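Some structures are shown below for you to check.
Both complexes shown next keep subunit A, but they swap its partner, so subunit B is in the first and subunit C is in the second.
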Partner chain A sequence: MNKVLLLAQILTVASAIVVGFHPNILYASVFLLFTFCGVAVMFLYAGADFLAGAQVIIYVGGVTILILFAIMLTQWLYKIKLADIRNKMVLPGVLATIIGAFLYRALHQMVLSLPPQTPEALEKFSTTPKTALIGQALLGSYLLPFEAITILLLGAMVGAVWLARPE
Partner chain B sequence: MVQSAQFAHSLEGWFGFLPLWGWAAISAFIVIYFLALPFGGLATYIERKIAADMQDRIGPNRVGPIGLFQFAADAIKMLSKEDFIPKGGDRFLFNLAPLFVVVGSCTAFAVLPLSKYLIGADVNIGVIFILAVTTLIAPGLLLGSWASENKWSLLGGLRAASQIVSYEIPVALSILPVVLISGSLQIGTIVEQQGWTVFGENPATYHFWNAFHNPFTFFSMFLLFVGGLAETNRIPFDLPEAESELVSGFNTEFSGMRFGLYALGEFCDVFVMSAMVTALFLGGWHIPFLDIEKLGFALPTGLVAFIQFHVFMIKTLLVVFVVMWLRWTLPRLRVDQLMGMCWKGLLPLAFFNVLGTALWMWAFKGQSLMQLLMGHG
Partner chain C sequence: MNQLIQFSSSLQGYLAVGAILFALGIFCVMTRKNAIGILLGIELILNAAGINFVAFSKFRTGLIDGQIVALFIMLIAAAEAAVALAVILRFYRLKQTIDADEASIMRN
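Let's turn to the complex of A and B:
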């Protein structure tokens, strides 16, 4: 197994554990950033080069910053400790377990349903550039979902502007 | 996937005896210690010299000939300073934050096309790669300011993060016309296509500098430059460290080498931004109207790489000079002016440029202004 990929996986899982269990929410969000970076490296090794770049730009440059902003500008959010909400963690825990089990089962079935691949075919797949293919797929066979999502995002944008207008 | 580390590959091809990752580590070492750090150091000296010239002073002139070793003296001073962390501050984040800034700006050097034969790694998502790794700078500024436990720091950090996040959008959109023209995100390819020679036949893909491809790309270049200025927190967009309002902004509490790392990261970021303008719009390593590889006789590859490296550096440093020149020319913007300029000024213009370039590509079948005028291609 590739050493860099192994390092990225260790980074992802270890930071995800810190995100889940660190008592300080600011530290949790900093380690969330490392998780995102680790996932980007894993994308890279799966042959999804464009997705890796987009992952870093959107999640590290956008989402993490947004979370950090929310924490820094909200007084009570920073003061909450894990111990204070321990008795309120049953329902979220149960929900998280159910969703996790569902996701695991779906992924497992998807992997099983794939035709078996030779190592050479996998190697070829992971070294072909994907950016142009993604573009052609989005503006070709998936044009309608793509346009639907752009309209959804436009609606979200207009809604955000409407909420934030001064009055 | 990535065409991993071409520079390392060629080193391995020439010398062997080390595994590829060894050469990759060595080339990263070379890039950081022989390009990023000396540039960051010398840039502080040159910035002070230019400032002095513009204000009719002499500037640093004591250490070495014409004060050339001033940056070494500064580095020694910084290293010998007290290693200070504020009492209420967050030790872990305080140590971590400057690293984000340095990693973010130094990693981008890996894909800068210094010459056709001298690119750290000509990855096929090069443009996206630069945009991606430089986003690491924003969390660095924000976390550093939080860990300082200082109101001015925090205000500066919040300003820096919001500014960088906002201006990322016009910057990305002003790069899009170039991607439309060249049909590639690979920086080596984008630069290669900007060649043009007056002797002999030009390949159909050659279309002179992207800045002069059509009127829209010409404006895109300025959008990229202005957006880059804002992303690197340079005057007139230096609100995050506005001295008159915030002492020194996000780096108020930082001293010694941690402050040095922030300053270094900032200068490296300015260089990366200028190199992006050069590579994407100003023809990168190409001498205008002359292709040194098609002179009729073959130059050795080493010499070609040497000449191209110098051409690229001259162009990039000219852009850096404009950045420093603006510092002593323009006053600082207000926060509302800054955000208004981004969302109401640059963003619609960037959209207009993308649409205009797309129309141009459709109307003239992708030919540049030069190709239309000269009838090549």
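Let's turn to the complex of A and C:
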């Protein structure tokens, strides 16, 4: 069973590498879709069933399609303009490696400072459906952030429509 | 092979994938000249943060608070993508390019 999780993680990392390095922005955004799918499978194995569904709906169905639309509206397909001209790759690569390694080390320290869960608790957490719990939490202790995010989404929608209006 | 499978389903495996995605996102943001390419990097970074929250929620706290934060991250990423793409379309209409180096109207 866990082989699926390992495969999903390999898929996530491999397609993220393509997103980071492929010179053609169209291929990079298509591979971003595979990254999102891999992350959704990882969520599923971490006991986040609702989040996995939301990930597929919002990212795979929404954000990726939006990005592809923007690429097709702003550039001609397979034109040389699609390629990014990147001559400086050493300094960003070194910086990104340092930041990633530091992040992993810092989170690893945090792992050691928190008490681990028992295997039974992990099993129970993985098998409980989360949709009802998330709904109760959103209308309970997380009511204020929930309302704030609705206003943010409304503002983003109005702002996007206003920005992209015809002349 | 068995060790690799064990590592992948542990908290460290999740954190490793999160850190790799974060580093690749930073790299993507720093190297791309294309405005949409920068947006791709930002999406990778936000996904890495979500993975870390969900992993800690399962393996350490045992509560769903981490998943709710990951849900908020997802919604903010969607709003941010919509606004950013509207800005990019506007910028394209103005300059006929989406090279981020060309966005220098507010310099000087």
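We take it that the second predicted complex is superposed on the first by the 123 of 167 C-alpha atoms of A that agree within 3 Å, B and C clash if a C-alpha of one lies under 4 Å from a C-alpha of the other, contacts with A are read in each partner's own complex, and residues count from 1 in each chain.
To be clear about the criterion, a contact is a pair of C-beta atoms (placed from the backbone, for glycine too) under 8 Å apart; a residue touches a chain by one contact, two chains touch by 3 or more.
Here the structure is a predicted model, which is why all the values come from computation and not from measurement.
Novice: Touching A:Ser126, do we find subunit B (first), subunit C (second), both, or neither?
Specialist: Both partners.
Novice: Based on the superposed arrangement, let me know which partner A:Gly62 touches: subunit B (first), subunit C (second), both, or neither?
Specialist: both
Novice: Have a look at where A:Gly47 lands relative to subunit B and subunit C in the superposition and call it first, second, both or neither.
Specialist: both
Novice: Which one hits more subunit A residues, subunit B or subunit C?
Specialist: Touching more of subunit A: C.
Novice: With both complexes overlaid on chain A, does A:Met72 touch subunit B (first), subunit C (second), both or neither?
Specialist: Touch status of A:Met72: first partner only.
Novice: With both complexes superposed on chain A, which partner does A:Ala16 reach: first (subunit B), second (subunit C), both or neither?
Specialist: second
Novice: Report for A:Leu33: first if it touches subunit B alone, second if subunit C alone, otherwise both or neither.
Specialist: Only subunit B is touched by A:Leu33; subunit C is not.
Novice: Determine where on subunit A the residues touched by subunit B overlap those touched by subunit C, and list them.
Specialist: 3, 45, 47, 50, 54, 62, 69, 73, 126
Novice: If you look only at subunit B, which of its residues touch subunit A in the complex?
Specialist: Subunit B reaches subunit A through residues 1-2, 21, 90, 92-93, 96, 123-125, 128-129, 131-133, 135-136, 138-139, 142-143, 146, 154, 158, 161-162, 164-165, 168, 172, 185.
Novice: So in the complex, which bits of subunit C are touching subunit A?
Specialist: By the definition above, subunit C touches subunit A via 4-6, 8-9, 11-28, 30-34, 36-37, 39-41, 43-44, 47, 50-52, 54-62, 64-65, 67-68, 70-72, 74-83, 85-90, 92-93, 97-98.
Novice: What residues of subunit A sit close enough to touch subunit B in their complex?
Specialist: Touching subunit B from subunit A are residues 3, 26-27, 30, 33, 40, 44-45, 47, 49-50, 52-54, 56-57, 60-62, 64-65, 68-69, 72-73, 126-129, 131.
Novice: Applying the document's contact rule, which stretches of subunit A touch subunit C when the two form their complex?
Specialist: These residues of subunit A touch subunit C: 2-3, 5-6, 9, 12-13, 16-17, 19-20, 25, 28-29, 32, 35-36, 39, 42-43, 45-48, 50-51, 54-55, 58-59, 62-63, 66-67, 69-71, 73-75, 81, 84-86, 88-89, 92-93, 95-97, 99-101, 103-104, 107-108, 111, 114-117, 121-122, 125-126, 130, 133-134, 137-138, 142, 145, 149, 152-153, 156-157, 159-161, 163-164, 167.
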